[in-house]
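The two complexes that follow have chain A in common; it is paired with chain B in the first and with chain C in the second.
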Partner chain A sequence: MLTYILFMLVVGSIYALLAQSLMLSWGLAGLVNLGLAGFFAVGAYASAMLTTWEQAPILVGVFAAVLAGGFAGLLVCFSTLRLRDDYLAIVTLGFAEIVRIVASNEVWLTGGTDGISGVPVMIARDTGIWFHLGTLLITVAAVILVYVLQRRLLASPWGRALRAVREDQTVASVAGKSIVRFKAQAFSLAAAIAGLAGALYGHYTSYVAPDQFQPLITIYIFLAVTAGGNARPAGAVLGAYLLVAFLEATRFLAEIAPGVTALQAAALREIAVGIGLVFVLTLRPDGLLPERSQKAPAS
Partner chain B sequence: MTDITRRHILGTGIAFASTVAMPAILRAQTGPIKLGTLTPLTGSGGSYGPAMADTVKKAADDINKAGGILGRQLLIISEDDQTSPEAGLRAARKLIDIDKVSAIIGTWASAVTTAVVPVCSQSGVFLSTVSGAEPITLLPHQGFLIRTQPTTTLQGTKFGEFALGANAKTVAFVSPQTPFTESQYAALTKTVTAAGGKTTSLIYDDKKTTLRTEVDQVLRGKPDAIVMGGYTNDTAVLVRDLYRANYRGSLFGFGYSVNKQLVDALPADVSEGIYTLSPSPAEGSNAYKNVARLLGVDSPDTYSCQVYDHLNLIAMAMAVGKGDTGTIIKDNVRKVSQGGGERVETAVDGLKLIADGKKVDYDGASGPCDFTDIGDITDAKFRYEQVKGGKIILLKIA
Partner chain C sequence: MFDAVLQALVNGVIAGALLAIPALGFSAIFAVLRFPNFAIGALATAGAYIAWIANVNFGLPIVAAIVIAFVSAAIFGAALEYGALERLGRGGALMKAIGSLAMAMVIENIVRFFFGNDLRAFDLPLARDLVFGPIRIGPQQITNFIFALAIMVAIWAFLSFSSLGRSMRAVADNSDLARLKGINPRLIALVTVAVGSGLCGVGGTLIGLDTSIDPLLGGRVLLSVFAAAVLGGLGSIPGAVAGAFVIGMVEEITVLALAPAYRLAVGFIVILVVLVIRPSGLLGSKAG
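Let's look at the complex of A and B:
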């Protein structure tokens, strides 16, 4: 029981990192990033390849994952400079699929669909409950670190300018802000956070394979961020933990539903996720923690 | 008032947490024995998983009706791995930590199995799988893993021999990228080139709705035979496009993809002549007939047969070891699967013999079910069939 809860909290923390990544690019910069799973994968692979095959220390792997994520973000951002909204969404979705397909097919580079097994873990596995507890502490620390960073950015002039870009690009550029620079910074930073999440995930489950990075995970995170509030770091974090709790709770609900076969239960769970989203959007269109409007400084 | 409530909650919480912290041995030794199935109910394996979960549940009912194991009933808990390692791992954790199952039956996709193996062996939970990818049994699993699916290398070799037998000189291997594509192609190539033929391979994306360009590319090499390595849905697309491109050579596919479902979905002249190969269920055996009866079909698929065998082996291993833990299953599974003794085909018969102190040797619905030290089956028969006039006709079993 305890292991299960700890495991889900770790998964929730990984989701919380992804949700903060999405909050930054989508909620604050207005860049619809459907490629989240791709950046997640880039981070996971970067760290797994370095630490498993090159025997690099985990810290180096995680650092490389953040860099690789950030670099991939920059690359995607510069190749999509002129795109907004739906068009950007399509291209970023394409990016995530490219990452997944390259990872499955370039066997010499990534190990193909076998994936990379035996990725080193952060806390030794034979320490029993400490393996989960220790990993949880590390991932929660990462969530808090990113959270504080985001709060700081949000309150800074950079954060205000970023929201100005989101609201109206033309106005922002008339005010002398470099749209491209702000977008690239935000997108790249967001991708780096997703890369961090990927590295931590790989070092917890000690297995990285292309199948883990299906578009479904991006959809889950969108659901989390929408539910929690897409322009508040606290909203994204709350949404992510709630999402994992909800996904797991449907498992037990489906089990106690009378006269339902395993197959029907599986289908009901997927329906529940959809209905959940509809409810949230109807009742709290801005999420549980909507964006606070910032007052201008007194003087 | 609020103070009392809070203390109350705290107290209950601590009591509860300490119950959890107790060694498993202090908790329930009575009540039902819990086993989990982890099969794909949704996602790309969704056409196989439901029947697998159903088979295990119904077979367990049979055992329960006959008195259960060591006087205890079996309780099967079915979870969905969504054909995804991420979701599969979450479901496995739930089965292990919440339901406290002693064994997990039926992981299907190789990636899911690879993700679940470390968790199972670390938690002392037995895992039985139908995944065929070569590296799975080489993972460090401390004996907590068996599989009934023949390895993909063996299947590749058989495909090569099969194609050579149909007088093919140039063989094209067309498959989506899966964990076993590479080893299968290597084995196929080895067999075909040894006989003086040659092979080519093409990897396609199994989510595409048309494979016309891929088909054109393959046909440029003028292959006498095409071996198809995909699953039902993408194989149907491939077969249709090959027909449209007027391909006249012979086609080979896996029995699990070129199945009744595929043949029914395509016009008879499109699927005419496809050869299929599958690990042979022991057709005619009582175990096989039992699976057919449980599912209410004439010819159950190989995966349902395999998970039926998993359940029977696990049930009898627990009876021999007189316990319900994964370690007991691990230590005793080979005592009921091989090594001589009275031949049995269902756990219901086997459990009676074990209760009388006799040694049993299980031969199941999927084959003789004898395992090597790392958990692979030692002997597998294959079933060769051909589609004729919209029906799948048996050629031979060897």
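Let's look at the complex of A and C:
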């Protein structure tokens, strides 16, 4: 039971990183990222390939995952930054699909649908409970690190300019802010955070395969971020842990429901998540922790 | 080699005609409601399953099944818009897009709940392929192609000659001006959503007739539909049709050279290339 709770907390921390990624691009910069699962996968694969096949140290792998995520983010957003948001929505959705197709088919590069097994773990597995506890500490440390970073960014002139861009591009550009540069920076930084989440995930489960990066994860994180508050780092983190609690609760409910097969139970869960997201978006779009309006600095 | 390319082109034209139907629906909804509706794939799946029930369980002919798919997908689409998405519109078009993606997941899983993940096939007579020199075509492919063309002609006639269709084009063109002329924008939005969703249902059915149906049927063609619409210019009805034919042919040609799974990648590549070179698409006005 303790192992199970620790496992869920680690997953919650990974989701908290993803939620912070989405908060940065969507909540702060107003750039929708429907391909979050794709950037998550890019990070997981980058680190798993380097550490498993090239025997690079885990730290190098994680660093490479952050770079790969950020670079992929830059590529994706450069095609659409000058255009309307709906194009970005379509392109990011497509990106996540492409990552999955390439990962499933380029066996020489990614191991195909079998995935990469035996990815090195951060804490030795034979330490029993310490394996989970140690990994949890590391992932929580990553969440805190990203959280502090986001808080600093938010308070900085850069964060202010970013929100100005989100609220009114014309005004921001009249004020001399380069819209495209701010958006590209925010989007690729967010993608880098998703890459970090992917790397940590791979080094915990010790296995990376295309099936782990379904578009479903993107919807999960959207639910977490909208429920928690999409423009506050604390909201995103809170939302992620609440999401895991909600998912596990629905899992138990589905298991005790009579006459429902495993497939049907999974379908019911996803229906609940989808309806939940629409409800939260409709009823409380600002989330539990809404954005605080920032006072103008005294001049 | 030449024969293989010729065969791929013929297959591509047929695939493009089938793709054009949901692409038309997507573009019409985009033109009037100004948001990308990610639920169109799931609506196509739902339409295909309803048609399958009508055909296999009730023994209705294919034409009747297609009509039933159109009507039920139209009702689902309208229910989705007015039950869930419309209220999200206050938060901007992007909110509706995210909401539609969530609802797509809901519809897909309702289908999965009742029917499971198994492949299902329509009740069709077995028939020998027709052979024209080096080209082979299944009779069902020809029937589907004729269905698709007939639907395109019907939609063209509806948009050109009926007053409702002309009002739709007016709202798509300039909604403020249309309102000044006394056109009720809410009514037009309702008709557009219903017709657009209905077309997705028909498109799903035709694709199901061509291959088989499963809960991911619509999700698989989503990217191709988007690519057709973006290539033709988002919101342009003739553009969506032209885009669908191009995507259909490029996808079939790609299968000759790459693993079949990369068929799905074609749509994405085309979207990227169009956005970099000519964001307004082939027949679009401006991408704003």
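Miscellaneous remarks
We adopt the following convention: the second predicted complex is superposed on the first by the 277 of 299 C-alpha atoms of A that agree within 3 Å, B and C clash if a C-alpha of one lies under 4 Å from a C-alpha of the other, contacts with A are read in each partner's own complex, and residues count from 1 in each chain.
Note that a contact is a pair of C-beta atoms (placed from the backbone, for glycine too) under 8 Å apart; a residue touches a chain by one contact, two chains touch by 3 or more.
Bear in mind the structure is a predicted one, so any value in this text is a computation, not a measurement.
After overlaying the two complexes on the shared chain, residue contacts for A:105 are found with chain B and with chain C alike.
In the superposition on chain A, A:91 contacts chain C only, with no contact to chain B. Legend: residue contacts after superposition of the two complexes on their common chain; A:169 is shown touching neither chain B nor chain C.
Contact with chain B, but none with chain C, is seen for A:251 once the two complexes are overlaid on the shared chain. Once the two complexes are laid over each other on the shared chain, residue contacts for A:11 go to chain B alone; chain C is not touched.
Within the superposed three-chain model, A:285 lies in touch with chain C and out of touch with chain B [touch as defined at top]. Overlap of the chain B and chain C contact sets on chain A: residues 101, 104-105, 216, 263, 267, 270.
On chain A, the positions that touch chain C within their shared complex are 30, 32, 34, 79-80, 82-87, 89-91, 93-95, 97-98, 101-102, 104-105, 216, 219, 222, 263-264, 267-268, 270-271, 273-275, 277-278, 281-282, 285. Only residues 30, 35-36, 38, 84, 87-88, 91, 93-95, 97-99, 101-106, 108-110, 112-113, 116-117, 222-223, 226, 230, 234, 259, 261-262, 264-265, 267-268, 271-272, 275-276, 279, 287-288 of chain C touch chain A when the two sit together in their complex. On the side of chain A, the complex with chain B involves touching residues 1-4, 7-8, 11, 101, 104-105, 107, 112-115, 117-118, 125-126, 205-207, 209-212, 214, 216-217, 247-248, 251, 255, 261-263, 265-267, 269-270.
The residues of chain B lying in touch with chain A in their complex are 17, 20-21, 37, 41-42, 49-50, 53-54, 57, 77-80, 82-86, 89-91, 93-94, 96-98, 109-112, 114-115, 118, 122-123, 133, 135, 139-140, 177-179, 181-182, 203, 205.
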